[in-house]
Amino acid sequence: MNTVTKTHIQVRYAETDQMGIAHHSCYAVWFEQARTEMIREAGIRYRDLEKMGLLLPLTGLDCRYKIPALYEDDLIIETSVVKLTAARISFGYRVLRDGTEIAAGQTDHAFVGADFKPLNIKKHFPQVFKTLCGFLTEDSQ
Amino acid sequence: MNTVTKTHIQVRYAETDQMGIAHHSCYAVWFEQARTEMIREAGIRYRDLEKMGLLLPLTGLDCRYKIPALYEDDLIIETSVVKLTAARISFGYRVLRDGTEIAAGQTDHAFVGADFKPLNIKKHFPQVFKTLCGFLTEDSQ
Amino acid sequence: MNTVTKTHIQVRYAETDQMGIAHHSCYAVWFEQARTEMIREAGIRYRDLEKMGLLLPLTGLDCRYKIPALYEDDLIIETSVVKLTAARISFGYRVLRDGTEIAAGQTDHAFVGADFKPLNIKKHFPQVFKTLCGFLTEDSQ
Amino acid sequence: MNTVTKTHIQVRYAETDQMGIAHHSCYAVWFEQARTEMIREAGIRYRDLEKMGLLLPLTGLDCRYKIPALYEDDLIIETSVVKLTAARISFGYRVLRDGTEIAAGQTDHAFVGADFKPLNIKKHFPQVFKTLCGFLTEDSQ
């Protein structure tokens, strides 16, 4: 399995602001889209995880903006799993335009149940855990 | 009870687009904020309605844009109930800046239960129905 | 030239609300994405139009919601030009899921210059006008 | 001058997601609203800065989420300037609900001109620089 997923995003008009660039809050939405696609590639639909009672709320978000993204820009988000335990997962993202990194970020998540209480994914969803392990980049293992 | 509620909205930076004006999709969000405040003035919190099993999903949205709204503009949304039956409700909105109407709109909603099936509000939530009736503008009655 | 453009949209997590459905304000954003793709198919990039000094701000938005859209739903937006004059243009949209229409809408736009003053597109941008004419559905001509 | 600004935010329905909590991308929008209010308290309108040719695009965003925010929650954002040089500024934010910190974050910005090139604010906008210095918390000085 490939440990890096590439997601195509095209900047929407509604995502621009009056500076004429993509608003910084949109990157978090793109990252979300990218990790959704990553786990879908492994045959898991995030909406099915939620129905099974597994939620991944964010506990942290970090983003560095180097070069602004513009309306109609075709961007590639490269996503990888940079950390994984039975209680938590972190995804890393690189935003590329024409091969140049214009931004990079990370999101941290806790595994919780429908009641928002911590949940040991290794114990309660061993198959999902195994799949996510497959995404771990070598230098994180 | 006053039949028109006035809600203050200040245009956020994230709501602007690269034309330098508030993006048209934001008006629907402001309308939502305005009707939330309207029913709160009557002592009903919309989140409590949802907990009681009463949802008001939109069935229609209409908005006419006359003059663009700009970043940091202080706007007043005047909200009223323009139609009300046991199955449906429609709210009307006027967006004012310094007393001038810059946009106007309407949202149509169905009363449904948590299962999204139609629900007779007059029968199942008579008290809520009565409160909403109080908002009906005279010419709608 | 085909008079109806089909745009694929996948519902993002950030677009859902606590009712568990896509928020109604997102449809306006999808419509925008759809008309951007429509004119791109004709070889025009909307961002180039803006650089040339031609803006298409909304003067009206109308949307009817029949069946809620859900997270990760794959939607098709069918876009067409329903009205066109030298001063104004209206686009029509149908939102389909698995071939079923779940929503439909229309946006009305004025042709204006960078100063937001009305602009005769037929006179100032005859080539763009001609291209847009090609999109007119037969029953609108 | 007070070095901490308090901004009231009420969670909008559109800001919730299907987990039933405020979507994490909204915090960046609230932070923006909060720093807009901070500098307005000092008599500067951010939109006037832009007209004068001074932009503050984000170069970094960091947010830690401790407790989810819910629809209609009344939140207080406490904003302060945590770093300031002639080239860059960083704002710190605490999100409070009923006195409890539910999230905290920081945004980093560069001072640039309308051409997005670095700009020495101390040299070109000494008065603005002086005002921003007044916001520096003591332990940052």
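Letters A, B, C and D mark the chains in the order given here, with residues in each chain numbered from 1 onward.
Please note the rule applied: a residue touches a chain if its C-beta (ideal position, glycine included) is under 8 Å from a C-beta of that chain, and two chains touch if they have at least 3 such contacts.
From a predicted model like this one, the values you see are computed outputs, not experimental measurements.
Interface comparison, A-B versus B-D: the higher number of contacting C-beta pairs is recorded for B-D.
Across the assembly, the mean Cα position most removed from that of subunit A is the one of B. Taking each chain's centre as the average of its CA atoms, subunit A and subunit D sit 25 Å apart.
Here the spacing of subunit A and subunit B, counted between their Cα centres, is 34 Å.
Separation between the centroids of subunit B and subunit D, computed from CA atoms only, is 29 Å.
Counting partner chains per residue, subunit B shows two or more touched chains at residues 13-14, 18-19, 21, 25, 28-29, 32, 71.
If you check the complex, the residues on subunit C that touch subunit B are 18-19, 21, 24-26, 28-29, 32, 50, 55, 57-66, 68, 116. Interface residues of subunit C, counted against subunit A in their complex, comprise 10, 12-14, 28-29, 32-33, 36, 45-47, 70-72.
The touching residues of subunit D, counted against subunit C in their complex, run 13-14, 16-21, 23, 25, 71.
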